[in-house]
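I have a structure here, written as structure tokens, and I will follow up with some questions on it.
Naming follows writing order (A, B, C and D), and every chain is counted from residue 1.
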């Protein structure tokens, strides 16, 4: 992804844009709802809901098989969503776009259809200590069953991946698969994934690579072709889209010789009692009735984000995260876990408040109408490496602004005076 | 989109009285079998080549009116053409099915009647079945083989 | 399931009820849309759409982790959907209800977490020739990889499962797993699943059983406890629910010792670099962000169907399918594939029209505003046993009525005079 | 639902000055470790039994104010009770967390202050952590073992 261009810093008007998001209109105890949990799931603009309604209200039918018009149109629109997503991410062709239910399924697909079928004793899979469980447990589980080695890149004191350690871990050439998160959901760190991929290829030209883009695509302009990874995973509910849909974006040739994962209808071309002919990708990997309405919604989410401009989204968050991080660091008793420099981070900000357990902080902030997440954020290995059991996390998105800061700081102050001796 | 765009009289004629429909071909050089199990279409196409030209083309199988009629019209359009020329015509037909104006409308003969099918996306692959089988047969011939079998999925037209 | 009670035959007014379904309000070429493809996907009532909107518009947040109120409420509602579905199906407890993206995933879950981990050479899995690919290909694929034997119960000339043959196939006691469809999506046949399960248990008391309920639950009162199967799969988009969600209903104890299938967030309680503690069922099997809005929608679909009464739904369809089957059988040149007696069948009616290819028939009917499905209906083994490449299928649901019959018959008549010599 | 319902003064007192919080217990009979990794709660509970009575109960660990305060209040409520009686009290507390009126409000001592927590579903498991650890410790003792470790998921309260 590229940093926002300095000339022509596109911007948007947050106050106007907030009106697009129905849940942001509601009040809690007479206060404006301050939503700082978009890293868990983003709000959904009306336009995305309208796109799904259009399907349900005028085109409700199954796809890929109908000879009647509403089904033909629905099928065309479902396939357009694939093309739209490919374009949104700079993927060379829609043939590499497989719709899944979320990014977790996308990663598991690769774990089952590639890693479990190819890695064994003597091989290694390299991931990192800062992964979300979705990009860690599938590899761990596969390693258990298939006897390959799981290696993890540690995190430095600056909350970045330790690239020297990575180089060492790659040195023996045994790493056949690299799985790395693009942006950490806990630290906000933007990882140098293109560099890591290149480094891995230098150690083993046949290495296959997967990037977990769940926290990157909502916030940064992403160009998967430039990253040159084999697989890239996304999840719609974090990028203004609906629940129930995600995608695996793959190099089409990579899918060509992969056996299917889920099997059933639509993913085969022929079934005899004694043999099956798999369909071509991406259909080979989409068994059963897909999330149709959700694909309409995801299409609209790509439109929504592109209309704002991902450069502008990044520019807005870049400024905002700087403000938030600085303010939190200036608050007595607050420790921020994550890079300080907004160039190196996205909008997920983890922090601790002295003497206040994250649970208590979350409850206190809820009393202020402020929604933050507390806990391990599905990143236990990282929590261990940070030496904490849980953190509080405020995470920003395009509808957040500086007016969301004061309620957060007020809540923290109140929690401190309430709980801390 | 009306039924008349899809089922022109000329198409129905080919469907009702197909040309060059036969289960066998004497002296065949190549036999290809194409199927689209999703539609339940099956097509056997046989060619005989003489002096680099299509000396005979016959088809057989099961399928909807569009696929059967298109194969019938195809056999007439490619008769006696040299292999390269026939491939070029097949490409012209394919592009027509994707909405282009045909370059060689005259050479396609009754094949141009299928232009309206382009507006019925799910039927495009039916109209292409015979032409794609032909292309495969010629390529199989050129590769030196004598038989080939292809199964289609929903979206591919062999391109 | 029980046949509708004779005393008090509940009924409903189809004309009124149709107003609940937006897509049924639309016209095609100035004609009322006649939707006869509910076996592929049903229409969705407004109430289901409203339930999803409620989530997106007032409670948009992730579930299972939030300490703030909208997330707590959303979590509670997500879990209520589980309880509601358990009640709808007579499942003993919500702990056995795992939400998936469709029934295909539900069946694959069992294929990966049970069958693939337990069956091997010397074992057999019994299924039937009339299965949808979703309940066939996963077993075939597992058999390929793990070397157990796949046996299939054939279909009789009356379009029913051959129970004598089933008994023979079970006789050697090697069948460790039985997978059978409750209602055929092609023939409409209602299979005697309870009897088959008992028969399988007599041959091997430890047999584990799965019923594919995709075509049963929308149409018949189903009581999974009475069936006494280990696993029962459903898919929401066929039962007035949204796309993007299905469920596996399992005996809770059966899930207890099953390893997970998809892995990632929410399905573990602890991850260390050297070990993982799986969460309890059903959460162990729900990796990643679940289909939240879709669960709201499925809940509303259960409410909608229960308000009508599944006995009434069955009574309505029982009468209607009798009328349709009789009328089709009385039409010259039409052959119906499936039981004649409405007691033995549900509303999916496959048929052939002499001299008219199903594709042409479908296109012609589309010209009459009638939506039917043509093709192999993801049941290639059955097609082969019927000796056809494809059939036409008209399938009925609660919003269909006798006024949908004439347009179907008119279209068939026109197709015959148009295509048949 | 106000913060005051959740964080009563009595609860905050236990949080700020916990009773029977200690990393060790001389002559301990059972040590259990309970954790709820989803919240990041960890609890070590140690008991010493004399003549069938709880001679000493100490806890240690990390957790939110509710879990720490509830464990503190628990140690006072069960002190010197016989094992069966303590289990019964634990069950009373558990039912209170599920919305029931406590049968033994007097015996729960400061434990009744946690009644309001029942209205905060995500915090119920925090309040239960110490009590469930106690129950486990007693059951472990009765089974003849000396240590046990339990990890909770999101929805279970050990019931």
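Throughout what follows, a residue touches a chain if its C-beta (ideal position, glycine included) is under 8 Å from a C-beta of that chain, and two chains touch if they have at least 3 such contacts.
Keep in mind the model is a prediction, meaning the values are calculated, not measured.
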Ask   = Which chain lies the greatest distance away from chain C when centres are computed from Cα atoms alone?
value = D
Request  = Have a look at B-C versus A-B and report the one with more C-beta pairs in contact.
outcome  = B-C
Distance between chain centroids, defined by C-alpha means - chain B, chain D (Å) = 78
Message = Roughly how far is chain C from chain D, centre to centre by C-alpha average, rounded to an integer in Å?
response = 46
Key: Rounded Å distance between chain B and chain C, as computed from the means of their C-alpha atoms   = 38
Ask   = Counting only residues that touch at least 2 other chains, which ones in chain C make the list?
value = 65-67, 69, 270, 359, 363, 375, 380
Task = Could you tell me which residues belong to chain B and also touch two or more other chains?
result = 37-38, 120
Task = State the interface residues of chain D toward chain A in the complex, per the touch definition above.
result = 2-3, 6-7, 12, 15-16, 37-42, 62-66, 120, 123, 126
Query = Can you list the residues on chain B that touch chain A in the complex?
reply = 1, 35-38, 120-122, 151-156
Query = So in the complex, which bits of chain A are touching chain B?
reply = 64-67, 69, 72, 75-76, 79, 266, 269-270, 277, 279-280, 283
Task = Note which residues of chain A are touching chain C in the complex, please.
result = 21-23, 26, 28, 33, 35, 37, 40-41, 43-44, 49, 52-53, 56-62, 65-71, 101-105, 107-108, 111-112, 129, 132-138, 140-141, 152, 235, 237, 242-245, 259-268, 270-273, 276, 287-294, 359, 362-363, 365-366, 370-375, 378, 380-381, 384
Inquiry  = Going by the contact rule set out above, which residues of chain A touch chain D in the complex?
reply    = 357-360, 363-364, 367, 375-376, 380, 383, 388-390, 418-419, 421
